[in-house]
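One structure, as structure tokens, below. Some questions next.
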């Protein structure tokens, strides 16, 4: 007779199941709701890009649809990724369906590299994202880039979602889907300084993966990204 | 009006969802059934320890309950892991419930380190596993260890499931849950040579994780483990 | 009596002698001839820069003298290297002597760093190579660089030979003779995109050395270089 | 009775105490005085930035107050660092107090990143240093930067003190206080070439820390920095 | 007129001077006194071996002279190290002079490798330390080693001072003075388990240096050392 | 007309061609002859195992056929390697043919792992080498191993040739052909100490490859091997 499952207490049942992405999304949404309830602004360190979805839900509950400023090598607007709807490749598609994003004022910055499907760019544009491609940085001055970004965001509540792979692998090797041809940290930090005076209501920095890092190159870059983003958050009363 | 999900083709739907463990178990079971259908013996390289479950199902369909020779720092016999029933910490519990294991002839080799729950060892013993603890190697000769193993396995069909973390982190740093105090590769390879002449019907080598490896130490060790296990497989007609 | 060599079969004689560079050159030439015989275009991954010589011989047999677009920190036009004529520092000197190169349309891109001899630049120029020095990228726009390159190559059959050390060691540490002050991957990839519409007849990417790489920085860059070069190859019938 | 210290010969007393920074400063000053006594120019490899102080003392004894061209992410002009007056964060404050620096012709190049105190920039300016901030490189041409540097230094005896962390961590991870957003090695080397024809009387390259380096990225960059600086030293008779 | 030091506030004066070892010794002694004042047992993670001196002072104030069980490749009983009396090579000499150690019950375990002076072993023995040399592990069973250790320590209050370099560099590369020929982690952990039931009053684990570590091999070993030592601490009321 | 080779001075002809193994063998033989001419004993650091051949020639010229004590995972007695007669896999075959080895007193220690040909062990035995296999260390005491070695070598002039891959990859990852299941450094160093009093006339330590090393594990092990071997060299007058 085979060993019976119900005879044995569940020794391993010590918390949330880390294999259950949808449960993690709920936990993050609940914790972020609680943390922001007293008016605090949240800078969240990932983890993978899936966390942007629950964080955008919380921003929406506070501000209505928000302008999303999305730094990334990739669009992250697929409908599904390997057939799964809630993954690090789909947060902005889900957020779009849920009405969380103000598409008159949202943009991708740093997009580059191979696409996964022929309609990727078209679908992202149909949702309403404008794009500063990474190669634009080779042909436009840093102040032109900053001006385009500020014009797009306007006076709306801005949510900054920054995937560290927006940097070139030389500046951030410790990440899951590195793409050559990216920004330098000097460029990225200066663009972030260009947010000063805008209405930034929330920030995430995602896809830093220490196990893939060497010589702490990625960690140092991410820490400075966080520092500059903290510096442009509005003072809270 | 929010962006509608059904208006957009699913550009990312390019195969099996890697986030769905149960779908992966089915894929492995189906592929292994096909590969063994003509009498071939399977040596499988992981991936994590979850793969032992579908592979044991296939062995059971060919041989009935098999003697499991399990090399690991950990028991992998929990009922669930963070609440999930199908994970790399539970394959032998599931296999026990499904009647796949011949518990009169099965054993763990290399167990050591902190336990997760007070009943872990007791539950494993109640299922029927005997144990050669890693510290036994400090007090018994290598031939005594081999003799205990051979007596336990007898003439039964033997399935060898080898988690690379049975080695000390010095010999296999590239793995997900390293535990100090493990075997040397000299000890492990000699024990594997001790399987000669037994009826080994299948083998898996799991939990090798190149991203955590340095100087290919883990990869070299795993390759030699595979070499020795291939050498003790019975010649097939 | 000393042990006699002729009494023993040659157990190790399992293929080409890897210490014999000239034998390797012949093997490559023969294989490339065979692979291109049906009209296919060859993108070759090194290995060191020596392979450019047999590959240029094959291109010459197909197209006559070809325009060579050579990305590298170094000229690779020495007469010999440590006294040897066939090495990774001499392929373009040998190719010049053999008449394989159309010097009215060939150029080096990315040259920088210390020279080995006082006449290096002069000799390369006397052969007929024009040069875009790496420091030119600090003073000219990316489109100026692309225009100079396209004007030089014209409508000739173009062979692209790309040594990964054209990138700065930050972007490609895994190579044998790194030179600081190199291109960024963003610059290199954009210049490669500038080849669109030209008549590229063959490509090599050389001097990627995984043992010296860390965090796969070099491997990621080289893979993207290959991707962009594949994208500018003419469609073949 | 406790073991008595005076009964035992001092087996370890084999040279200078490496824990005594002030003794090391004296040793360096004495050695540098001796080395330069016959008119030789000194290029010194650190070690940490503390060594700039004794080296400036020697320069002052030869030339009077010198123009300091200081490449660094940090000002290194604190009064003390963790309470200690002689450290790698304070050499230029000590040198200022000792009258070693010609402040009408001295400048920092590459300054960026978080400050330690609210008055850091102000104090450095009050001493007399002018500054080319690292972000200036994003808005000015390389020739503008070189022109500003040359105008400031004029015809004075110039001492170049170069902390490798003036480079971005992608180009120099092997250092003690990396700051993201730094120069590329292409930019730094070109600026150094811009020193040609000036009266460079001494050079140090400091804060290269091999234990923190990976893939020799930092070592390669530092070697090229040394090469370019050697190339701009005046020929000595 | 040179810049005056006294005109400027000390921006960097934010705490203890890390270059001043004797100040650090005082800080540690004071903090350990405070932490143990309510009867708690201290397991301290280094930092270098210098910390054993202030920690032994605190143990002495609580228990009088203690039995020191010292795991290390080195004796650490020099009178001075590069001329300095308070360093990671001298803590037990200073502790001996201060009467902190009960030499009838103290021992070194794991000693090996080159000596610095011809009298090193003799002086250590004259102080009163007995020694289990690392090579003894090749000729005696693990239970013989444990028995010798337990007989030596007896029922005295035992202070365990464990330098991670007692392990071979394969098991602990991340340390300052690695010596080949060391213990395996399996041997060390088993010896530590042999302390069960003795009167362990304090523990330090020192010389773990993450910057020199790879693949977290050293960190994993040190964490298991801490786990086993926590397991043999007496329960406190 | 193609560029003519003879018009250009050979800028790269700065010394011995490193691609020419036979020239290197001659250089080594000549230098070793010179260095030993005044009675000095040579400890040589490789470099690959090819260097044993010219070094044995020099030993033979001084002492006649010598007893070879060869530590290695591999036999290195092939007739050729990839068709080449002079390589790191063949030095002892060439030395045997040249009559350099006293086969009544020579042995391999540490042999293990896959063979390249079915006759490898047989041919080595036919030459006259006896073998202590690496797995013998699991079943015999260290003193038994030392006794067998000493009996074999007797009072003959002994040449020790030590390939660092005799150690397990955990203890020496930085080498070209690592084989799992090797010695620990504790075992190797103790066996080397067992040479005390024998007539050791020369030593090489080969196959240390820093580019493949991590955390200097291999370098540390090799340095201690050198230390122990220096300690057993006879005092020279």
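Order of writing sets the labels: A, B, C, D, E and F. Residues in every chain begin at 1.
The working rule: a residue touches a chain if its C-beta (ideal position, glycine included) is under 8 Å from a C-beta of that chain, and two chains touch if they have at least 3 such contacts.
All values reported here derive from a predicted model rather than from experimental measurement.
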Labels of chains that are neighbours to chain D and to chain E: none
Interface residue identity across copies chain B, chain E - same or different by half: different
Cα superposition of chain B on its sequence copy chain C - rotation in ° rounded to nearest 5: 180
Chain pair equivalent in interface to D-E, over half of contacts matched, among C-D, C-F or B-F: C-F
Pair joined by more contacting C-beta pairs (A-C or C-F): C-F
Centroid comparison with chain E (C-alpha atoms), farthest chain: C
Distance from chain F to chain A - Cα centre to Cα centre, in angstrom: 56
Chain centre separation (chain A, chain D; CA means) in Å: 39
Rounded Å distance between chain A and chain E, as computed from the means of their C-alpha atoms: 46
Multi-chain contact sites of chain A, meaning residues that touch two or more partners: 168, 170-171, 184, 212, 214-215, 217
In contact (per the touch rule at the top): chain pairs: A-B, A-C, A-D, B-E, B-F, C-D, C-F, D-E, E-F
In the complex with chain A, residue positions of chain D that touch it: 113-114, 134-135, 137-139, 168-170, 173-174, 178-184, 212-215, 217
Chain E contact footprint on chain D (complex, rising order): 1-5, 8-21, 78-84, 87, 89-90, 93, 96-100, 103, 116-120, 123, 126-128, 211-212
Chain C residues touching chain A - in the complex, by the definition given at the top: 141-143, 168, 170-171, 184-187, 189-190, 214-217, 220-221, 223-225, 227
